[in-house]
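Next, two complexes with chain A in common: one pairs it with chain B, the other with chain C.
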Partner chain A sequence: MKIAVCVKHAVDETELKMGSDGRPILEGAIARISTFDKNAVEEALRLKAALGGEIAAFTVGTPEARKTAKEALAMGADRGTLVVADGDVDSLQTANLIAAALKKTGPFDMIICSEGASDTYTGQVPPMLAELLGVPYVGYARKIEPLAQGFRIERSLEDTVETVEAQTPLVISVVSEINEPRYPTLIQIMQASKKPLEELKESDLGAKPVASARVTSVMAQVSSRKHVMIEGSPEEAAQKLVEALSREGVL
Partner chain B sequence: MDSAVWSYSENDSVAAEVAGAAANLASQTGSKALGLDFGGVGKPAASSGRLVLQGPSKDELTSEVAAEAIFRAVKQFQPSTVLIGATRSGRETVARLAAKLGVGCLSDVFSLKAEADGLVGERSAFAGRVVAKVKTGYPAVATVKLGAYQRLESGGAGVESFDVGAIQSSVKVIGRSPKEAGAVDLKSAKIIVSAGRGIKKKEDLSMIQSLANQMGGALGCSRPLSSDLGWLPEEHHIGLTGITVKPDLYLAVGISGQLQHIAGMKDSKVVAAINTDKDAPMFLASDYGIVGDLYQIVPAIQRALQTKR
Partner chain C sequence: MKILYPKEHEEYSEVLGSLGRFMEKKLLPNSSKFDAGEMKIDGPRQELLEQGICQVSAPTEFGGLGLPFSVYASAVELLGTADASIALSIEIHNAVSEGLLLFGSSLQKKKYVPDLASGRKLASFSLTEPTSGSDTRTMATTAVRRGDEFVLNGSKMFITNAGEADLYMVFAKTSKGPSGFMVEAPNPGMKFGSDLKKLGMRGSRTSEIVFSDCRVPSANLVGEEGKGVDYAHTILHGARIVVAALNVGISQLAYEKTLSYIKERKAFGSPVSEFQLSREKVADMRTSISAGRLLYLYASRLKEMGGDFSSEASQAKVFATEMSLKVCDAAIQLHGGYGYTTDDIHRHWRDARLLTIGEGTSEVLKILIAKRELARSL
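Take a look at the complex of A and B:
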């Protein structure tokens, strides 16, 4: 089975610094593979272990996104493709570029994504990919089970678990509860640099341009919490907390 | 029906919120707001009435089918904007609709402003550390953050209908079952007591549950407890990839306060935290904090609550 896994080079929200003007400093911000995308890679590895085949990792971004493609290779993907975009891309443009890259290097039986990127968390790329490729899509998968033909998949929705059956080629997004991603060993990290990592330019792909949503401003979220630290023995502190919460009218 | 604002959710309660968002947006430009209705699914209550889409039955209404049906209606009626509730299915429907229309898509917005050349929405990004304004041209599509808008309960008159025709689904739905843990209704809970890694063993959760019961609240947890340790079902997980809550009181017990957890509870009215580490980021997101051993403080709170009554 040929599996494609999509990974995003995402700004690490835990290391994002805020400037004195109240704006996040995105220029040069530390970025790495989106946390939940590791679950997508892990699921691809498990399916490959069960069914055989090959895994290709795809990412879209600046040349720096090589780092993220390499992370997928270190985890166990067999080859990688980095699509270098001409500028900032939104989710539809990203899906458009990945779809073009998949067509150019495919065909693939299964395309696995995570439920959303850890930085923007819109979850739009996987369903958009399915639309652009014209293939079935199953989102928010928490369990993927191969059948004699196709797959049975449990979708984790808010209050419901929906079980569906779908045939390949197929786009799947997985929830982060589906598995526990492995950590690559030092040897795997070293071996990853020997694996093929192809770089495609946006212009190489000839993808038809699409409209986009544009970020017009970004501001740090201002916390308006009181930050009252309650001191004293456990009994005193507990008593004061209960009094404070009663005064707030929430107890 | 030119320049109308449409609203939709497959979930009735969410549909009322999205109708509220649509009414708000439509009032900015003096246009009509219409709720989409698939013969009873997502029964909307939009300000100017509703548009019944005939064709797919309720059982067939996957995000794939809903997106195609709405796409066909958009082609017919050319609304300015389609708003959909940001449930998991809603996110899928919007993304598919945007791809069909070839337009950018706003996601999880909590405010909307109609400008002449496009729709501007505000949303959280970077696990809630940043508020971003995002703009997309018309026709605009967006998901509306759950709980962001007042529900619109009563609709205007005026029902129109449109036959979207037959739509094939490419996946087969075999079954639907409610998630376990019937007691979990964190979304509507006024008080949530939430447990984190500071809990040393699974059995000790009964102490936190007992505090939640005493306060008349519900039990939540951070991701490690439901995901890594498996001590609670994932329905209890509050955070970016879990559920988002905004109770009157959120009491975080032994939760360090990773950003992805904060993203799920930051809109709570009052937040209190108990942690042994005075530098735990949870305190930065709290109104009241106690540095100390939860195994001493939780029983002390229980005693204090008893005396209070």
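Take a look at the complex of A and C:
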């Protein structure tokens, strides 16, 4: 089976610092493979181990995104493709560039993405990709089980789990609970440099659509605290606390 | 730690970055449990070995990555930040590999180094005795040749990884003088004492080893008979660079915890970090950690280039271990009462305290530095 896995070179939100104006300091911020995309790579590796085949990793971004493609290769992908974008790209442009790269280097039986990027978390690319490729989309998979024909997939929805059966080719997005991604060993990291990593330019892939969305600002979430002091005996304080929580709509 | 490697060697940074993330996720969160004896280091240490930390500077022909020694030393700095007990255990383990690469026969290298580099086997270095530490010439453990075997009798003290390791590099006196032997466990002639209760480094196992008619094949003699003291000293020169790196790592974590604490903690209406005397401590901590790091990296480079690095290795170890005590002490001071009562703060000082003693006391190393420098100036 030929599997494509999509990985994003994302700002590491755990190391992101906030400026005094409440905006994240993106200058010099550390970027690496998006956290959930490691689950996508891991799932591809598990499916390959069960069914055989080949895994190709795709990423879109600046030349620095090569690091993220290499991370996927270190984890065990067989080859990688970096689409070097001219400047920032939105979700639709990203989906178009990946779709074009998949068509150029494919065909693939399954395209695995994560539910969303750990920095922007729009979750738009996987369904857009399915639409552009004209194949079914199964989102939020928490389990992918190969059948004699096709796959049985458990979808983790807000309050329910939906089980569907689907035939390839298809696009799947996975949630983080689907697996525990492996850490590449140091030997695998060194060997990743020797695996094929192709660079494509936007011009190699035809025209991309104009941006459909524009990010106007990114702000840190601010949660303000009220600092209410409740005094009195334990019984009185408990009573006042319950009243206060009810007033705030917590209870 | 800002890792400064030239662009053409981006794989060094990738290796260190990956190890660092692994340690931060798998070791650091359990570090205080190792210290409190609530969790054993065995499992996480094994996972770390399987990641390849001891393959970093091992030659490729023995399953290593063949990267420079300074990259391995930097990896141990990161490990010192994540967990000092595991760092100590790994440092000793890898010193045996280094020793075999320097003095072992080609058969011994082929037999042992790949397993030690990949973590399939754990090693221990047995030199110190109940009545002889740095004074290796008064060693009392004996090895008597009988046919194609040596028979070892005596005891070794304060041995890290004792009872856990699969392979022991043991030094014992033959008719020709102190010599090194590879003893494979289990061996009916080798018994282990109980785990010693220590001030710090509580996650790592330390005990006595008693040898009673412990039979070792003569093929397990390391290098030439009678050269054991020279071999041990050379192995320890390399190990001292790594110990320095370990202490820089311990200091780095104590420093980082202190910075976050003093920014939060208020006294007299303002954060403790606003006071000039706090700031003096911050500046001194930061500067001395950086100095320790540069000293161990410099000694590492000299080792990579070949030639004598014994003085620089000792300088790095003396400075970094003494520095670490000062930094960890300042960390306790700036945490106030919480510093004295919180395991997770004072354990850094307790961990660091070992290494002005272990693997050559500061006093002995200062004598070594002076002797070497006086000889160089001739």
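The definition used in the following text is that the second predicted complex is superposed on the first by the 214 of 251 C-alpha atoms of A that agree within 3 Å, B and C clash if a C-alpha of one lies under 4 Å from a C-alpha of the other, contacts with A are read in each partner's own complex, and residues count from 1 in each chain.
By definition in this document, a contact is a pair of C-beta atoms (placed from the backbone, for glycine too) under 8 Å apart; a residue touches a chain by one contact, two chains touch by 3 or more.
A quick note: this is a predicted structure, and the numbers were derived from the prediction, not measured.
Enquirer: So which one touches more of the residues on chain A, chain B or chain C?
Expert: Touched residues of chain A are more numerous for B.
Enquirer: Quick one: is A:Leu186 in contact with chain B, with chain C, with both, or with neither? Answer first, second, both or neither.
Expert: Touch partner of A:Leu186: chain C, not chain B.
Enquirer: On the A-aligned overlay, A:Val138 touches which partner chain: chain B = first, chain C = second, or both, or neither?
Expert: After superposing on A, A:Val138 lies in contact with chain B but is clear of chain C.
Enquirer: Touching A:Gly106, do we find chain B (first), chain C (second), both, or neither?
Expert: neither
Enquirer: Between chain B and chain C, whom does A:Gly53 touch in the aligned arrangement: first, second, both, or neither?
Expert: neither
Enquirer: Looking at the overlay, what does A:Ser212 touch: chain B (first), chain C (second), both, or neither?
Expert: First partner only, chain B.
Enquirer: Using the touch definition from the top, say if A:Ala237 reaches chain B (first), chain C (second), both or neither.
Expert: first
Enquirer: Contact residues on chain C for chain A in the complex?
Expert: For this pair, the touching residues of chain C are 11, 14-15, 18-19, 21-22, 50-53, 55-56, 65.
Enquirer: Report the residues of chain A in contact with chain C in the complex, numbered from low to high.
Expert: Listed in rising order, the residues of chain A that touch chain C are 67, 70, 74, 183-187, 189-190, 193.
Enquirer: Quick check on the complex: what are the chain A residues that touch chain B?
Expert: That would be residues 11, 13-14, 16, 18, 24, 35-36, 90-92, 95, 115-116, 118-128, 130-132, 135-140, 152, 156-166, 175-177, 180, 210-221, 223, 225-230, 234-235, 237-239, 241-242, 244-246, 248-251 of chain A.
Enquirer: Can you list the chain B residues touching chain A in their complex?
Expert: Against chain A, the touching part of chain B is residues 11, 63-64, 67, 87-89, 91-92, 94-96, 98-100, 102-108, 120, 124-137, 170-179, 190-191, 215, 223, 226-228, 234, 240-241, 243, 248-249, 258-260, 266, 269-272, 283-293, 296-297, 300-301, 303-305, 308.
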